[in-house]
Every structure is written in structure tokens, then in C-alpha cells.
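One chain, chain A, appears in both complexes that follow, with chain B as partner in the first and chain C in the second.
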Partner chain A sequence: RWHPIGILVQDPVGFNADEAHNIVKECVDGVLGGEDCNQNNINQWTAGIVEEFLTYLVKLVKAYKYIVTGAVIQRSAYGFHTASSWFWDSTSDGTCTVRWENRTMNCIVNVFAIAVVL
Partner chain B sequence: MEKRERGGKPAPSQAPQQSPVTARKERRPSMFEKEAYAQILKERLRESFHDVQYVEPPFDDSIVDIGKEWKSALAKLKFANSYRMEPLKKFQAHSVETKVQQILKESLKDVKYDDKVFSHLSLELADRILLAVKEFGFHRYKFIIKVLFIQKTGQAINIASRWIWDVAWDSWVEAKHETESYVALALVFALYCE
Partner chain C sequence: MSLPLQVILMPDIAEDRATQSLKKRGSMSSLSSHEFRRKDLHGRTKDSMSTVSYMDEPSQRDDVSRLTVQMENTYQLGPTKHFPVVTVNHILKDVLTNYLQEEAYEPELCRQMTKTISEVIKARVKDFILPRYKLIVIIHIGQLSSQSIFIGSRCLWDPKNDAVSSYVFRNSSLFAVANVYAVYFE
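On to the complex of A and B.
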């Protein structure tokens, strides 16, 4: 639907699973795919993944503010818990969490999208 | 992941570990063909797996309709223009940081790492921090709280966050609580909503 100013504003629908999978394939697989956990590069990779996610989301051109949080952990016997709570408008804002793993690393990326009311 | 197209011959058996998530357009080469074996082995070694852990709001049609009804009802009430371009009370990161650090310290004072306890302790902490931040009374702000517990077993972990928001009014706060066996990290994001 068209907003009077002429910018296309889509009704916030949240993320669907296919879109999330696509994003993960492009962003995470592109950076970490086929790589083994490496102390020198892990910093760059984490930053790279999160930035790629954000650029992908921005390219979708929706009226949202985004927060992307990523954690890359070396695979070993460890425990990891994460919880989120939020205070927002549940009709227009949403989140999605994706977990990616390979032989040597685990990666968890969390995306929050808050609608901007134009 | 790279897929090689089989020319002509239909492959008799497919590789057993099919990831249900990715739609495969081309069939993987069979394990029994010699040339393909090396390639499959290589693929298997780099094999990565991903899945979507959690999505909110859920995709039930019923919930979507409720939201829309409420919203259209709201649109019919015309609110008077408040002419307010900025928040009355800007988000003060330092006071929130001390409060969150205090909550973390109190709740995790002598708590040892334990799987079952931590899974609902993390939820409880997230809710508690959210209540505390709301009590500050920053009007028209939306909050997101993230709580992470990482067990210290000598592995490496990297956490990064990036965001797109209004730099003038939106901000974030971080608090860390470290003990011998684990590290607890709390992140609070505050976004101004017009």
C-alpha cells in the first residue's frame, strides 16, 4: 500500500521461515561456510556476519529499525543459555532467531525488527 | 553449499543426510560412483546445518486478524497532535547500567553453574531486568533485553551486535557478571517510538 509521501510501506508481517533461511544461507554460509574455527579470524567473522545480515535487511526496504546480535562459539563441551524479553507493540514488531552450526563452530543470530511509524 | 549436476543418468540413491530445510533442485551424486565419492566426502566434512529457532509473531492467521481489527479501530479515533518530536526524558544509559549491574550481582551472587536452573533463571532475569527498566519511566520507549550465560570451559566465544536506529534517542546498555564457572552478560536496547 502506498503512503501519501510516495514511499512504499509494507504492512509489517514479521519474518517468514523461508526468508530467514535465505538470509542465513547468504550471510552465514558465505562467511563461515567450510571454515574451521580459527582464533585469528573469528573476530572478523562475527562482525562480518552481523553486518551482512544488517545490509541484507536494509536492502528489503521496509520501515523498520533493526537490531542484529550474533554469537560465534567454538564447538566443545560447554553450556550456553540465552533469553530475551521485550517491551514493544506485538502487532507490528517481531523477532527471529537462527542457529547455524558446522563441525567446529556454533553460530546464533538474533534479529529484532521494530516498526517505524511514518 | 555446492551441488554438482548429474548429466543424464538418474542417481540411484540419494545421500542419506538430507537437510530438510534447503530445497534441493539437483540430486546429489551417488556415493557408489567413484568420482563423486571424494566430492561428497569433502562436502560432508564441511557440511553445515542451520535451522530457525524461534520466530515471533507466530504465523497463525488468527493472531494477525486480531491485531488488524484493533489497529483499524484505533485509527478511527483521531488523536490530537501532541507536537512532540522528542522524548520527554531521554534514555539515560549510566543510571540504567548501574541498576542492571546491581540486579545481576544480587541474583547471581552465589549461584553455581547448573543446566536446569540456568534455563529458567535466564528467563526470570530477563523479565526482572525488563520490569526494572520500565520502572525508570522513559515514556514512548520500546525495550529489548538479552541475557546470555556462557559456561567457562576454555572455548572461545565472540558476540557482536549491529543496529540501525535513530542515533539521537536510541541507545544500549551492557552489564557483565563474571564468576569462576560462567559469565553472565545482559544487553539492554532502548528505542524511541514516535
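On to the complex of A and C.
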């Protein structure tokens, strides 16, 4: 944002993780809602969830770069682990992780938002 | 892109100061490991989540002054050197192979392993990472079986300066996927 006298002013600092959390949940519910795990569709679903969420983020029009990662796993007796670590400026950057499951599959979505300007 | 300013400094001094202030803010990593276990006989699902987080060199003073200070102009439009994707690929391959070559899948072991590996990878990439780059490292480890898994990611960034590097490792009982995202900032 530009202040009237020409100095660049920062938007309210930080990434709103709670809101992002809710939006992701809605996205995933919408795409995977009543579905059963299906080899053919899994590709489309993952792409769909991630892209839908990214379009929402774009509409926010903030000076941020985004990385959205999704993993969809068939529910089975086997274990699965995920970990992530990051090196960034914790005052302006943020992350949010959403876990969702239904009868036949589990879904994990990670969102990372990184500020562009110092 | 750079901010307008009242005082103009020499470009290299300004860059040092910017790098220093990033270091002072430090790096924070929060490791959480999600594990899905099979349903037990009664149909209840057990799952566990553990979180480890630490922040090194936090600086209270910086947080307050950060909001009011304006950055000096460095006249630098892009990174001096681009992100070395191939080198990072080799690092991922080395780390995953060293840590997981002889391991068999076990819940506790893999839980610790994901956290350790992501920290190790982050430290190694940080060693020769170029200034003005932020890093994100993601590790998935799972038991090799007949289940299907699909992992996808989309990024909204500047493809000229930002990059992703990825590696998949398999042995007889487990698989591991490592992704490193590097994002350039002003």
C-alpha cells in the first residue's frame, strides 16, 4: 500500500492461519466430501484442492508467495509420517496444516506463506 | 523492488545489514509428525501428533523496531546466484540414503527419523544457501505396501528466482519423499 506522501506502508503483519485453516477444510470437504478412494480420481482431487485454495489466496492480494502441498493417502493398516522445517522470518511468514479424513482416505494439506518484502 | 528512502548507503553495506537483520530474527522450525494408525478392534482410530519447536536467537527488540524501520535501498533486483537445484538434489539423496538405507519401518523410529532428517537437510542446505533465500523442507516417510498415495503441490511465486528440489527414496520396507522449496525475498 502507498501512503499519500509516497512511502510504502506494510499491511497488517502476519499470515492469518485460522482463516486459512477454515478455507482449506471447506475446500477439501467440497472435493473429497462423499467420495471413496479411487485410483483414477486421486490425481484430479489433489490438484483440485490445491488449486482451489491457491485461487483463494490470490484473491487476498497480499505481498506474499505461497506454497500449498497436499498428500492424499488411502486408509490402510500402514503407517505414514510427515515432518517439515523452515528457515524464514517468523514475524511475517506463517504456515497452516490441515488434516482431514473420511472412511477410505486421509488427506494432509500444508500451506506456507512467505512475505516478499522485508 | 525497493523502498524509497531518505538515506542512501553503499549497496554492499546495506546488503550486509539486511542479512544481519535476517539472522537476528533467526530461524524457527516447528516439527510435527502426523501418524495414522489402523483402527483397532473397536473401530476407534488412534492417531498421534507430536510437536517440537524451537526458535534460535529471538530478538525482542527487533520485533518492535521492525515495524517502524525502513529498509535501505540496495538496488538489487534479483539474486546474485540462482538456487542450485542439482546440488540440493544430491544433498537430499545423500541424507536420505545414509539415514534410511538399512532401516526397516517402525512407527517410533520413523517418527523420530522424519524430524531428524528434516532438521539435517535444513542445516545442510543452509550451509551454502545464498543470502536472501528462505527455505522450506518437507519430508514424508511411509511404510511400503499396496496402499496408494498421491502427493502434489502448487506454488505461487516467481519462477525465475524460486525453485523446488525433490527426491524419492525407497528400500524394501519403506519409502521417503523429500521436498525443498527455496523462495527469494527482497
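Rule of thumb we're sticking to: the second predicted complex is superposed on the first by the 96 of 118 C-alpha atoms of A that agree within 3 Å, B and C clash if a C-alpha of one lies under 4 Å from a C-alpha of the other, contacts with A are read in each partner's own complex, and residues count from 1 in each chain.
In this text, a contact is a pair of C-beta atoms (placed from the backbone, for glycine too) under 8 Å apart; a residue touches a chain by one contact, two chains touch by 3 or more.
Since the model is a prediction, treat every value here as computed from it, not as a measurement.
J.: See if chain A has more residues touched by chain B or by chain C, and give me that chain.
T.: The larger set of chain A residues in touch belongs to B.
J.: Return first, second, both or neither, reflecting whether A:Asp93 touches chain B, chain C, both chains, or no partner chain.
T.: After superposing on A, A:Asp93 lies in contact with both chain B and chain C.
J.: I'd like to know which partner A:Lys65 touches here: chain B for first, chain C for second, both or neither.
T.: both
J.: Of the residues on chain A, which ones does chain B touch that chain C also touches?
T.: On chain A, the residues that contact chain B in one structure and chain C in the other are 13, 37, 39, 42-43, 46-47, 50-51, 54, 57-58, 65-91, 93, 95, 97, 99, 101, 108, 110, 112, 114, 116-117.
J.: Note which residues of chain B are touching chain A in the complex, please.
T.: Residue positions touching the partner: 1, 21-22, 45-57, 59, 64, 67-68, 70-71, 113, 115, 118-119, 121-123, 125-127, 129-130, 133-134, 142-151, 153-166, 170, 182, 187, 189, 191, 193-194.
J.: Tell me, which parts of chain A touch chain C in their complex?
T.: For chain A paired with chain C, touching residues are 6-8, 10, 13, 37, 39, 42-43, 46-47, 50-51, 54, 57-58, 65-91, 93, 95, 97, 99, 101, 106, 108, 110, 112, 114-118.
J.: So in the complex, which bits of chain C are touching chain A?
T.: For this pair, the touching residues of chain C are 1, 3-4, 18, 21-22, 25-38, 45, 55, 63, 66-67, 70-71, 105, 107, 110-111, 113-115, 117-119, 121-122, 126, 129, 134-143, 145-158, 162, 179, 181, 183, 185-186.
J.: Name, in rising order, each residue of chain A that touches chain B in their complex.
T.: 13-17, 20-21, 24-25, 28-29, 32-34, 37, 39, 42-43, 45-47, 49-51, 53-54, 57-58, 65-103, 108, 110, 112, 114, 116-117
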